[in-house]
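Each of the two complexes below includes subunit A, the first together with subunit B, the second together with subunit C.
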Partner chain A sequence: MNDGKPVFSLEEIEKIADLAKLELTQAEKEVFSGQFAEILDYFRTIESVATDDIPAYATGDSSPHFRQDVAENSPVSPESFSEFLENGHFKVPRVIE
Partner chain B sequence: MSGQSQMEFETVIGLEIHTQLATQSKMFCRCSTEFAAPPNANACPVCMGLPGVLPVLNHRVVEFAVRLGLATHCKIRLDSQFARKNYFYPDLPKAYQISQFDRPICENGWVEIQVDGNPKRIGITRIHMEEDAGKLVHEGADRRATYVDLNRAGVPLLEIVSEPDLSSPDEAKTYMEKIHSLVTYLEVSNGDMEKGNMRADANISLRPAGTRELGTRTETKNINSFRFVREALAYEIERQREELLAGRPIVQETRLWNPASKSTFVMRSKEEAHDYRYFPEPDLPLVTIEASWLKEIEATLPELPDAKAQRFREQLGLSAHDADLLVADRRTAEFFEAVVQEGADPKRAANWVMGDLAAKLNEDKTTVTDLKFAAGGLAELIALIGEGTISGRMAKTVFDALYETGQSPRNFVREKGLSQESDTGALEEMIDQVLSDNPHQVAQYRGGKQKVFGFFVGQVMKASGGRANPAIVNGLLKKKLA
Partner chain C sequence: MELCDTPLHLLHERRVKREISTEEIARSVLERIESVEATVNAFITYDPGPVLDRARQADGQLAKGENLSPIAGMPIALKDIFCTKGVETTCGSRILKGFVPPYDAAVVEKLAAQGLNLVGKTNMDEFAMGSSTENSAFGPTRNPWNPQCVPGGSSGGMAAAVAAGEALAGIGSDTGGSIRQPAAFTSVVGLKPTYGRVSRYGMIAFASSLDQGGPLARDVTDAAILLEIISGADARDATSSSRPVPEYARLLKTGAEGALKQRKVGLIREIAGRSDLHPEVAAQFAENLQTLASLGAEIVEVSLPGLEHAIAVYYILAPCEASSNLGRYDGVRYGLRTDHSENLERMYKNTRQEGFGAEVKRRIMLGTFALSAGYYDAYYNKAMKIRELLRREFAAAFDQVHLIALPTSPIPAFRLGEKLDNPLQMYLVDAFTLPANLAGIPGISIPGGFTPGGLPLGLQLLAPHFEEQRLILAAKAFEDATPYHLERPQLG
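And then the complex of A and B:
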């Protein structure tokens, strides 16, 4: 790390956009690169908190929390919230060539 | 080992098998797991990834994971953890899959398979719980659209990851069959291959024979039958061999098996593990398993195929080959045992179950659970042969009737007058007649021409309308011709 804010390169933004299947304009990439750097910078603040004695993962509840294997119809159907349905399927932009 | 293709290289194979669990409801919600429901009929806010919902883990999923873990000699983690595997694709409405990462429920186990008649241990690296993704349909009305069905999204799966201990396509097939046999014995999965209950991805690499270092591997996906695992691996091994012999390096990539063209093709460049940005699932607590529950699960495990095969060998005197074949399918093994319990000779029962019965079931694409007759029917048929009432040839006819209609073999034989003529007196009369009708052949036989014997047997069988008991005819003929 350098002394100033963390650097978030355009290449890194492009890689993340690629994984997220997003097409970004040059201007958007620059905006995000600045925002991502700010977010990472905030993690430095979090890192300064002493956490050595705290387990890495805790929910405060270690009792088993299960549901029984019983099937039931959903109270909410896709029709009640989505307008992108065709013959029962959700219709999305084509994802293969 | 098959010839030249194996001469310079060793094959190293590891399998990742996904098996769908036989639960009523999905992994984190109450939606049904039924097969072939109308699109999105079994989808709710949780499995559709709507904001503000929380997953609640299905008790059964954990029980099933532990059952398989115990059966494969794994160490069971009593506080395993779910993790988010992030990727963007429309079959995954939350944009992450709830899976397990560094704290899977089962680790470090093994199963034993038979390779050329010798036992070989295949290591199990891990077994973890995860949810299935939805189904995408690309062949809809609109060519610019993809259609999404989330009925399968959130259906529970176990992923079983093997060590790279498999050395050939045949071993991989045997291993996959073993896992299939285990999950069906344990009743954790229906193991219905046609419904996609079991799918495998194979990691394959070659290395110069005798060396230790692993070569660059490829991953072949979409292997959903025992036949395909052998074909896909054979294809991929040959492809890599040709690349290496031509001096071209193997590219680490994901390939897809196409059963129609019987070849694999590149799917997409392999995403590195960290691209999934796994992190602990904050919506779910640790999966804690109490010692008492673990004990309870252990106590209710059924007799597993290896133990059953051993019992068939030691108590029923079956060969290792027959025992292994019989136990592969739990229901077949249980049917066989029921036939033996009805008094049938184990060896004969095994032959009928694996021979004529298996052939019929295979032809009709059905299983022993849908038979028209009970185990007692087959035992009766075997008894009829044993006591000489019917010949082996007649038995086929009787079996066909039993299989088609479920009619009792003894009744069928009586009704059709099929029974074999074993009455010595009646047979002797027929033989005397045949001998006196054919003095020329009798002279030939007595002059040393042994081959004529078959002619006499044929004549007696003909005279009896095919019903003479051949063993008795042989004995009587020898006595009379002596």
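And then the complex of A and C:
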């Protein structure tokens, strides 16, 4: 982080957008760069909290429960996707030219 | 009071006594939708077609002397975040326009088993990201109490529908206040259950460690009836709790009198002096505390210093989870897919650019940034530790008190457009609701008065994990002692 002054260049915005698989317009990039500086400045208030001996939060009142790794019938049949079903196969639009 | 404005459990009592029919109730709701929906815009999908048939079916069962669920045949709505088999489910997003799920959410299955009569799918902020329902791809919902104002969010369509008589009750979702805050803005009851109480299967994911479905209803009894129906373990949600479901509705059969007698109710010290607390909210909250005291409660100060950081923690964690959860919207598996992309990468990007609204993009970006190399420890990890601190602070507070009381929102409903260009200002609105999501505890918002200008205000009660019974009993005692839940908005 840049010595207490969060700045978001358009290049940084573009880099994050690329990681997030978003294609932003020039106007969106400019708006986000200003807003992110303000929002991240606000986020930095958490830096002052002492958390050295604190573990990360764990969700739920018990550990998640898992079922046995045994094959089951899917509640969803291929017919539910009839829009994409042709002769018993899924047909999806072509992507690569 | 017209049928469509009456609490569901009272309508059920009357139909069992044959004073009215379910069909009359359904007609009343459909007529109300016809007259106010153009103003309110509570629904994304609305299908009146089968509503009367299903109501008549319930009447047929009654005539045969069958023991009917209170909700059977009654027009109920669902937030458009719940997958409904054969019914379009958009989550308020253009990217899911046209998505028709091949299965029902667990909540929908449970309601269907009791005779669900779905009247429509309600409007919401896109992917539940927002506090005003203005982030919907299908236009904003307006507050039935003042159409110039927002109904809150993200379950704003659901809250507005219940307030305006367009549905008798419904199910929303609450990730940072999305049930309770719109309930407060529209003077209905909204209950966010303990994390794990209600299965998340088939509820479209926003931030999976915070999301929880729950009821919005006219009064506490209706909320208890719905909560009992939708609660319970589900093997398809690994975080759903296997604890037995109490008979929430039966709790109130004997009344809630004495529910607060000699009970300690916590008042959070750190809230009193906050500069963001609207004076009209503060004044009404003080009056509500007196009401609680008059019911026998002892008001005790508790300290929750971590509250100060709740907004920052939430708005780091929720976008982190969202950036991962929304990765699945790639143009291949669901809904929208753009044409004319020269390769797969461009197709992903173009589809997501076209399909997502500004707030969703903003949060995906924030989450992607906070999880990226070099920032993970400073943001995500740090926030998860403060979340644990906050959980501990709540646990310590509940060692001293039975419940905690606070306003649902620091401000009353604001005007459409007022906060739309300033995301941080919009985030700050959630200050009093998101602590319950971070700690995983249950909370309820009940009608708690009005501003001098006639905008509703909510009283929020919080309880320890899996103590929904405390919320229901105390809320009912407050409801019985106050007139606020009897008021209805006057529209057109």
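By our rule, the second predicted complex is superposed on the first by the 58 of 97 C-alpha atoms of A that agree within 3 Å, B and C clash if a C-alpha of one lies under 4 Å from a C-alpha of the other, contacts with A are read in each partner's own complex, and residues count from 1 in each chain.
Note that in this section contacts are C-beta pairs under 8 Å (C-beta built on N, C-alpha and C of every residue); 3 or more make two chains touch, one makes a residue touch a chain.
No experiment lies behind these values; they were computed from the predicted model shown.
Contacts of A:I54 after superposition on the shared chain: subunit C is touched, whereas subunit B is not. Looking at the superposed arrangement, the partner reaching more residues of subunit A, out of subunit B and subunit C, is C.
Of the two partner chains placed around the shared chain by superposition, subunit B is the only one that A:R94 touches, whereas subunit C remains out of contact. Of the two partner chains, subunit B and subunit C are each touched by A:A20. Shared-chain residue A:E28: touches subunit C; no touch with subunit B.
In the superposed pair of complexes, A:H65 makes contact with subunit B and with subunit C alike.
By the touch criterion defined above, A:E86 lies against subunit B but remains apart from subunit C after alignment on the C-alpha atoms of chain A. The contact surfaces that subunit B and subunit C form on subunit A in the two complexes overlap at residues 19-21, 56-57, 59, 61-62, 64-67, 75-77, 81, 92-93, 95-96. Residues of subunit B that touch subunit A in their complex: 23-25, 29-34, 38-45, 48, 50, 56-62, 79, 81, 87-90, 136-138, 140-150, 271, 275, 280, 284-290. On subunit A, the positions that touch subunit C within their shared complex are 1, 13, 16-17, 19-25, 28, 32, 35-36, 38-39, 42-43, 45-47, 49, 51, 54-62, 64-67, 75-77, 80-81, 92-93, 95-97.
For subunit C in complex with subunit A, the residues that touch the partner chain are 102-103, 194-196, 209, 235, 238-239, 241-243, 306, 308-309, 311-313, 315-316, 323, 327, 330, 332, 337, 341-350, 352-353, 356, 358, 361-362, 364-366, 368-369, 372, 375, 378-379, 381-389, 391, 423-424, 427, 438, 440, 465-466.
Those residues of subunit A that touch subunit B in the shared complex are 19-21, 56-57, 59, 61-78, 81, 85-96.
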